[in-house]
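Next, two complexes with chain A in common: one pairs it with chain B, the other with chain C.
Showing the complex of A and B:
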């Protein structure tokens, strides 16, 4: 509750802060302060002390895992602002508004990690999405940004409509918005009880809408254009924190409900996972622009995160948290470097290692982690996902397909490493990489390596 | 405890080496580190109880994975080979200077740490970790310091091996969940594999990973290019030690895990391996490029080992043990010589060489000895191992043994042809200033030649060392 209220309040504070603060840097500091406090109050909630209590009639339910996910999301945002704050200031004129919108997104994230009813799920998704439509179009004079914003908005509203339809159907079938399945079906699934058509239909519509939000194939078509068109700073935010939160909500939603779908679920899900992995990985291979490559690779990574839907086990949730952590950190770091480069193509990275060894080393660690190479957090993230799937059903063919496609991803991630290390050139920067920037990147890389050696170090905080 | 030192020593010195800027300092540090590692590896041979050698620490308790290392005869021998080859390689490349020397020697030592880990790990997940750790340094070494086509060639090599190891990972994950409590220890994994329903599929998941690494025909296509484009010290590591990872893994993991499937598919795998031997030998005969010739000859030798492994004949397995060590020694010697020849004559093409015997007598003698060891002449180290492997193959099926025998004859043809083209005839380019081998290379080769002769005359110590592994494997059947 702390996080929901505080993030909403601080969003408003940021909006008015823009009127008072004349200096853009001051606004960034204000946002950093807000994020620190936000993380703090969320941690307080995790410890159970100093909690604002609002009676939500059990439409919100806070558990340690959701709160820990909040912490990861806030810390990632903090790191993101530390790394790319200067670039947010440069994205347009209304800096304070951008930060305000980011805080509103975080408010949506905290609702999504704690919803206990479909209505709250809907509210969370909307609160998270609407600021993003605006942020996508932040570069007002750029046609591509406008196009992306409009496309995102139209597609997004469409999927929201589908979601609402699904919620209505489920409400019609069960008579309540509760996330837990109705007493009839709960008792009956084991006894060969067939859930009503309305309930299954509603759940499928919800599945489609959520797949759209996390850009799972075949609902992924908006992703490359939106990620490519949006100002790079906001792409970084969208592709990491927002996406992970969408996944968390997705899993929370499907956790109890997969029983309703029965065996048909085990046909739908593998197909969605396989096509997401296939489309994301294969298309990423052909991209020349690193930004677009990362957009497609984010689809591919979503394919891996979908594995968490397989298991109702604790392992899949832990795995998702680990995945969200490693994927967000690596992608934020990579984007922070990318934003500052003039040339987004692969050639723009040529010779980075000779010019900025520390930056190049961190970028290499990020790429290795995304590719899932051992000794980085990405390896254990992928490991947990596959293990959760094997544990749940043992569909070996899908696991084999996934690892083969992970090998494809090595090809395009390593092309960036090749450019940085083995080709000569001098990258041009829009804003030069300073010492503090390089050290922050190195800190992120060290985090990934540490989590790659001891993944349990990241996870044990769930239960503290 | 000792096993941990074998991994940590190169790991730490390797990490330190990255910070060094001076070429001289990096070279000395790595050489001394490699020498100390060699001392430790020799120390591990002394009779002692298992607790001094092994190590078992909790690593990832949630997943049931432990940092478990153990050392049996085969591990000791391969650790010794790894520990021995690095100082020799460093010694042979003492006069070469590399761009960013600290990073070069750092990566080399890290790959040594990875190799040691592969040969020592007694936990499947840990094994997978080290398997990759040995690969990644090589990726950076080849891509940074390699030849002209290095980037394309290295990514091909990397993807090949990475696909293989990911398939293995899928297999490991699947197996680890077949037990009531998740575990990766070698005994639990073996238990799970024996009872698992998807045996055949799992067998091939593991086998493909190992077959790519060895490499077995038709998964060998990454190898000649990678050997040609890599910097010579890396080529030596790859062909001398790294390919043994594949063979080692078959003996340590594949055969104990899936004995019945291995027997079922033995004839097909042996057929492929022998076909690969003939194919590689025929190509080696046509080669005009010295490095490619050695690469294909190496494929042929590995093919014989792969075939012998699946005969389920104790003698043949013992022969593979011997041959793993001998092949490592011989092929490193050949690469050192090939590198020296290339430096002296300035070319890799055999038809542009000739007449070196008169101008470089030391090189000539050493090349002939190494060449004869490559042909497995009696009194050289390769003879004993090859003889035992042939014996096993013959027991399996005489047609296969005959086909493999042809490839041994072909080995003599291409090796002697290579010696003739390099050493005799009239010098193709007579105005080149010709120098003989430098002292450091001579010493490195003298060490190897001594090993060739000792192994040829008195191989019993190696047989005694690895007997326990062979017996354990035969007992399982």
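Showing the complex of A and C:
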């Protein structure tokens, strides 16, 4: 609750700060302070103390895993602002408003990690999405940004409509909006057909809508266009923190509900996972622009995160936390470098190692982690996901396919490493990479390697 | 009137919205179709709310509040829809200023 209140309040503070502050850098410092406060009050909540006592009537339920996920999201955002704050300042004129919108997104994230009913799920998704539509179109004069924004908006609100229909059907079948209730309470209401019929239909619509939000195939088609068209700084935010929060909500929702869908669920889900992995990885191979490649790779990574829907055991949830951590950190770091380069194509990276050894080394660690090479956090994230799926049983072919497709992903990640280390050239920068930038990147890389050596170091905080 | 009529009517309204989104090319009309979908859901929620209330109140001696949450949900949908309208129209106006059209067929710059 602390996080929800403070993020909403700090969003308003940021807007007024923009009126008072004459200097763009001041606004960034204000945002950093806000993120520190946010992380602090969230940790306070994890320790059991509420800053403001609110009775939520069980519409929100706070558990340690959700609060820990909040912490990861806030710390990732903090690292993101530290790395790319200068680029947010350059994205447009209304810097304070961009930060305000980022805080509102974080408010949505903290609702999504604690919802206990479909009403809060809906509100969380919307509070998270609506600011993103604006951020996508932040570059008002750029036609690509306009197009991405309109596309994202139309797709997003369409999927919201589908989700609401699903919620309404579930309500018709069960008579309430809780996430833990099975179909039985619609007896004697004069409904012509079996309530479970309504509920299964509603669940399928919910599944479709959530797949839209997390860009799982076959509902992924908006992702590359939107991620490519949006200003790169905001793509970085959308592809990491927002996406993992969407997954957290998805898994929290489906955790209980899958039992109702029964066996048919176990036919649909592997197909969705397989097509997501296949489309993401295969298409990413052919991309020339690194930004677009990362957009497709985010679809491929979504395929791995979908494995958590399969097991819904403790291991898969731990895996999701680890995945959110490793994927967010690596992608934020990689984007921070990409934003500052003039040329987004692979050639733009030529000779980076000779020019900035530290930056190139961190980028290599990020790419290795995304590819899932051992000794980086990405390896254990993938391992936990697949192991949980194997434990759940029955889908060995899918696990093998996932490993093979992960091997495909090594190809396009390593092409970037190849241009950095084995090709000559001088990358041109829009803003030169300074000392503090390089050291922050190195810190991120160190975090990834540390989590890759001791994954339990990340996970033990769940059970605080 | 049986609740089934409401369900079929809302599903029809919702389907019109979905088909409109998928077939029309004018951004404003697509947007109106999305609003149609949301309103179909509103109507359905109210109908279900009345249905559950009627079932709970049938044998009860004290006034029942069953079904109230469905009505509350409708208000939240209206609020969110209003927020969405303000953002969406702003985006459409922004696009219109740049290309002097709201036809989504122009949205093909990102395909390479």
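We take it that the second predicted complex is superposed on the first by the 448 of 464 C-alpha atoms of A that agree within 3 Å, B and C clash if a C-alpha of one lies under 4 Å from a C-alpha of the other, contacts with A are read in each partner's own complex, and residues count from 1 in each chain.
Assume a residue touches a chain if its C-beta (ideal position, glycine included) is under 8 Å from a C-beta of that chain, and two chains touch if they have at least 3 such contacts.
Small disclaimer: the values here were computed from a predicted structure and weren't measured.
Peer 1: Pick one for A:432: touches chain B only (first), chain C only (second), both, or neither.
Peer 2: Touch status of A:432: no partner.
Peer 1: Could you look at A:404 and tell me whether it touches chain B, chain C, both or neither (first, second, both, neither)?
Peer 2: Touch status of A:404: first partner only.
Peer 1: Of the two partners chain B and chain C, indicate the one touching more residues belonging to chain A.
Peer 2: Comparing chain B with chain C, the partner touching more chain A residues is C.
Peer 1: May I ask you to decide whether A:396 touches chain B, chain C, both, or neither, giving the answer as first, second, both or neither?
Peer 2: A:396: touches chain B, not chain C.
Peer 1: Using the touch definition from the top, say if A:150 reaches chain B (first), chain C (second), both or neither.
Peer 2: A:150 contacts chain C only, not chain B.
Peer 1: Given the touch rule stated above, what does A:373 touch, chain B (first), chain C (second), both, or neither?
Peer 2: A:373 sits against chain B, while chain C stays out of touch.
Peer 1: In the overlay, answer first, second, both or neither for which of chain B and chain C A:414 touches.
Peer 2: In the superposition, A:414 touches chain B alone.
Peer 1: Tell me the contact category for A:387 with respect to chain B and chain C: first, second, both or neither.
Peer 2: A:387 sits against chain B, while chain C stays out of touch.
Peer 1: For chain B, which residues count as touching chain A in their complex?
Peer 2: 60-63, 128-129, 132-133, 136, 140, 143-144, 150-151, 155, 158-159, 162-163, 166-167, 169-170, 173-174, 176-177, 198, 201, 205
Peer 1: List the residues on chain C that touch chain A in their complex, please.
Peer 2: Spelled out, the residues of chain C in touch with chain A are 2-4, 7, 10, 14, 17-18, 21, 27, 30-31, 34, 37-38, 40-41, 44-45, 48-49, 51-52, 54-55, 58, 66-67, 69-70, 72-73, 76-77, 80, 83-84, 87-88, 90-92, 94-95, 98-99, 104, 106-107, 109-111.
Peer 1: State the interface residues of chain A toward chain B in the complex, per the touch definition above.
Peer 2: For chain A paired with chain B, touching residues are 373-375, 383, 386-387, 390-391, 394, 396, 399-400, 403-404, 406-407, 410-411, 414, 418, 421-423, 454-456, 459.
Peer 1: Using the touch definition from the top, list the residues of chain A that touch chain C in their complex.
Peer 2: Going by the criterion above, the answer is residues 119, 122-123, 126, 130, 133-134, 137, 140-141, 143-144, 146-151, 153-154, 157-158, 160-162, 164-165, 167-169, 171-172, 175-177, 185-192, 224-225, 228-229.
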